[in-house]
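Going in written order, the chains are labelled A, B and C, and every chain counts its residues from 1.
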Amino acid sequence: MTTSRAAAILLVKELRLEFRTRELLTTTVIFALVVVVLFSFAFEPTAAESRRYGPGLLWIAFLFAGSLMLNPSFAREQSNETLDALRMTPIAPFAILFGKMLANFVFLAVAEAILVPVFAVLYNVSFSAVAGRLILVLGLGTLGLVITGTVFSAISAHARMRELLLPLLLLPILTPLLIASVEATASLLADQPELDGTWVAFLAGFDIVFLTASWLMCDYLLEE
Amino acid sequence: MRRSATSFVAKQIALGEPRANSQPSERGPAVNPIGIVFESVEKRFGSLVALRNVSLEIRGGEFVALLGANGAGKTTLLRMAAQLMKPTTGNVALTGTGSKSEDARGFIGFVGHSTFLYDEMSAEENLHLFAQLYGLSDASARAAAALTACGLSSRAGSLVRTFSRGMRQRLAIARALLHEPRLLLLDEPAAGLDRQGLAWFGATLERLRAEGCTIVMSTHARNESLDLTTRAVSLAGGRIERDSSTEGNPTKMLAELRSAHGGEA
Amino acid sequence: MKGRITLVLVAAALMVFAGFAALYVAPDEKTMHAIQRIFYFHVPSAICSFVAFFIVFVANFAYLATRKPKWDWLGVAGAEVGVVCCTIVLITGPIWAHPVWGIWWTWDARLTSTFVMWLLYMAYLLLRGFLDDPQRKAMFSAVFGIFAFLDVPLVYFSNRLWRTQHPQPVILGGSNSGLDPMMGKVLLISFVAVLCITAVLIADRYRLEQLRTEFEELRFRSESRDAERARKIPQAAREARVE
């Protein structure tokens, strides 16, 4: 069985588990909304101000919501040692990791799909002209987030204080991603909207570097 | 109840499915039994030494009872055999598979202390998932057949969370047997089984034994039916204490252990 | 033991010498005067923190490849000393900057990257603190350490790119522009001194970790031997009865 097929099967499993309980998704979305509302107290949300600060606060909202959402990913596999059950099947270990990355990507993407329009409405920012390019930037940025986040959730699943540890590990690593995503999003909201090629390339590079690192080190992450 | 190798093969052909990870040359008559060899295996967890210099060869087709007090190293030994962990020093190798140990995971079934099941998925979904992951071509049919065999088909659509202990254990065993493993590793498999489950389990063990499946079962000497075992190995303090293959009669050894440990071993 | 004491003494002597050179021998800087002398320890500390973190990266890689505990000891030693050096950089920097430019801090590429690097390796140390099983601790911190090291250049470049797009109003000139030859010599001396201290600290911390591990092992072994002895006494009595 190929790794991608195994990862796809596991993705379906993750989605099924999540959509049955829906606890993760609802909490993530609500939390991100809370962050978005809180930011309205930080500055005057006129249209101009919103376009200046909006990208930053959107991505911070995604980062925080994402960090909270990533922990259950591996923690969930601990109650009945189901992770070991998966390791005993003849699939490549990376399929397990990659399947979770894909699932986390889907969850975060769903949360973003709800949040971005809500943000646009609350802060009088229009994304319609740049929708396609925005999706590209959101996609690459979210991908970087879930790649590193899933790896660190595998690590923090075995540690004490895991809810605190995961953001602690993740957020410093993601600073380049945050800068790149915010800048790329901001350039889409400028008076002359354009897709900043440098930042998009940087995001893609970030994703590739850490996906490769995860692939090379995944045996160490999953072994007992 | 005795079935010969040919009828086992006939069963395979009738189901019309290739075995997981099998090469064309492996399909057909005389499925070779798998053995497992531990060479001077030591396993440490930090300062704790779980297994010390364990050398053990289990030949294909044997039914080994693994005995020992709690903490003697039985679980560690079994988990190592199941490819879940590697020894700190020494080597664990499967014999008779004709392929790398990576692919050998498809030949191994393990029943452990945990159920290895997703509580928030139904019994059918759980078995279907693992059938797919083991590369079985008709996953739904295999899952359904397994549920019928263990007597849980009426609860196929219920979440495992709603199952009783006995039902969960039955499902856990069914999960381990889904891909028709040739090496079955059991860590106190009868724990929690109700009477119906025990009967089914006993019958299943007999069938597997007759089909040439190699079985290693860790157990408490007084709890499980051990009439089928061909060999008994006892562990103490991470070392092999006694091995009936060197002493002769496993039943005699079992009886001695039962009385010596007051039924605790 | 003797070799180590010699090394410590040499490092201490070098440090005293460098301190003296920095305070008295080096010429006075024309605009910043006395406060500029902090540069003789600020810059070497920065370089030594990089050296220490590079050692951590090598140790992490080696641990994953060989699984030998000594690489884990080297990793934690390098990380702790690196964090100390980095802390010195982050403290001496503002102390230098405030009288000279009137601001404590600015978010330019270099400062931001240094701060993030500090955070990354603090996270490395905290991760180790929250993992109890020694094998997992070594394994996971090695994985995280490699990710952190890969991230450092990305942090720097993203900040550089960002700052070229949004230049800072206050321009911080590089401190190496046009260095007086005597200043250069003093800088070299203090660099060697700080590097020696760093090496001594890493070696000491490595030794501490080695001793700690060996102690734990000995203690565990003696405890389990006592437990096994206690277990065997009633068993021997029972076996005597059966016979």
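Assume a contact is a pair of C-beta atoms (placed from the backbone, for glycine too) under 8 Å apart; a residue touches a chain by one contact, two chains touch by 3 or more.
Note that the structure is predicted; figures quoted are calculated from it, not measured.
> Measuring between Cα centroids, which chain is at the maximum distance from chain B?
C
> Using CA atoms only, can you tell me which chain is the most central one in this structure?
A
> Counting in whole Å, what is the centre-to-centre distance of chain A and chain C, each centre being its mean C-alpha position?
Distance between chain centres, rounded to whole Å: 31 Å.
> Please compute the C-alpha centroid of chain A, do the same for chain B, then give the distance between them in whole Å.
From the centre of chain A to the centre of chain B is 40 Å.
> Whole-Å distance, chain B centre to chain C centre, using C-alpha means?
Using C-alpha averages as centres, the distance is 49 Å.
> Residues touching two or more other chains, restricted to chain C: which are they?
Touching at least two other chains: 133.
> Send over the residues of chain A in touch with two or more other chains.
If we look for residues of chain A contacting two or more partner chains, we find 223.
> Residues of chain C touching chain A in their complex?
Its residues touching chain A are 64, 116, 119-120, 123, 126-127, 130-133, 136, 139-140, 142-144, 146-148, 150-151, 154-155, 157-159, 161-162, 165.
> Given the complex with chain C, which residues does chain A contribute to the contact?
That would be residues 148, 151-152, 155, 158-162, 165, 168-169, 172-173, 175-176, 179-180, 183, 198-199, 202, 206, 209-210, 213, 217, 220-221, 223 of chain A.
> Which part of chain B faces chain A closely enough to touch in the complex?
20-21, 79, 82-86, 102-103, 105-106, 108, 110, 112-121, 125, 129-130, 132-135, 175
> State the interface residues of chain A toward chain B in the complex, per the touch definition above.
Interface residues on the chain A side: 1, 6, 9, 13, 16-17, 20-21, 79-82, 84-91, 223-224.
> Which residues of chain B touch chain C in their complex?
Touch list, chain B to chain C: 45-49, 237, 259-260.
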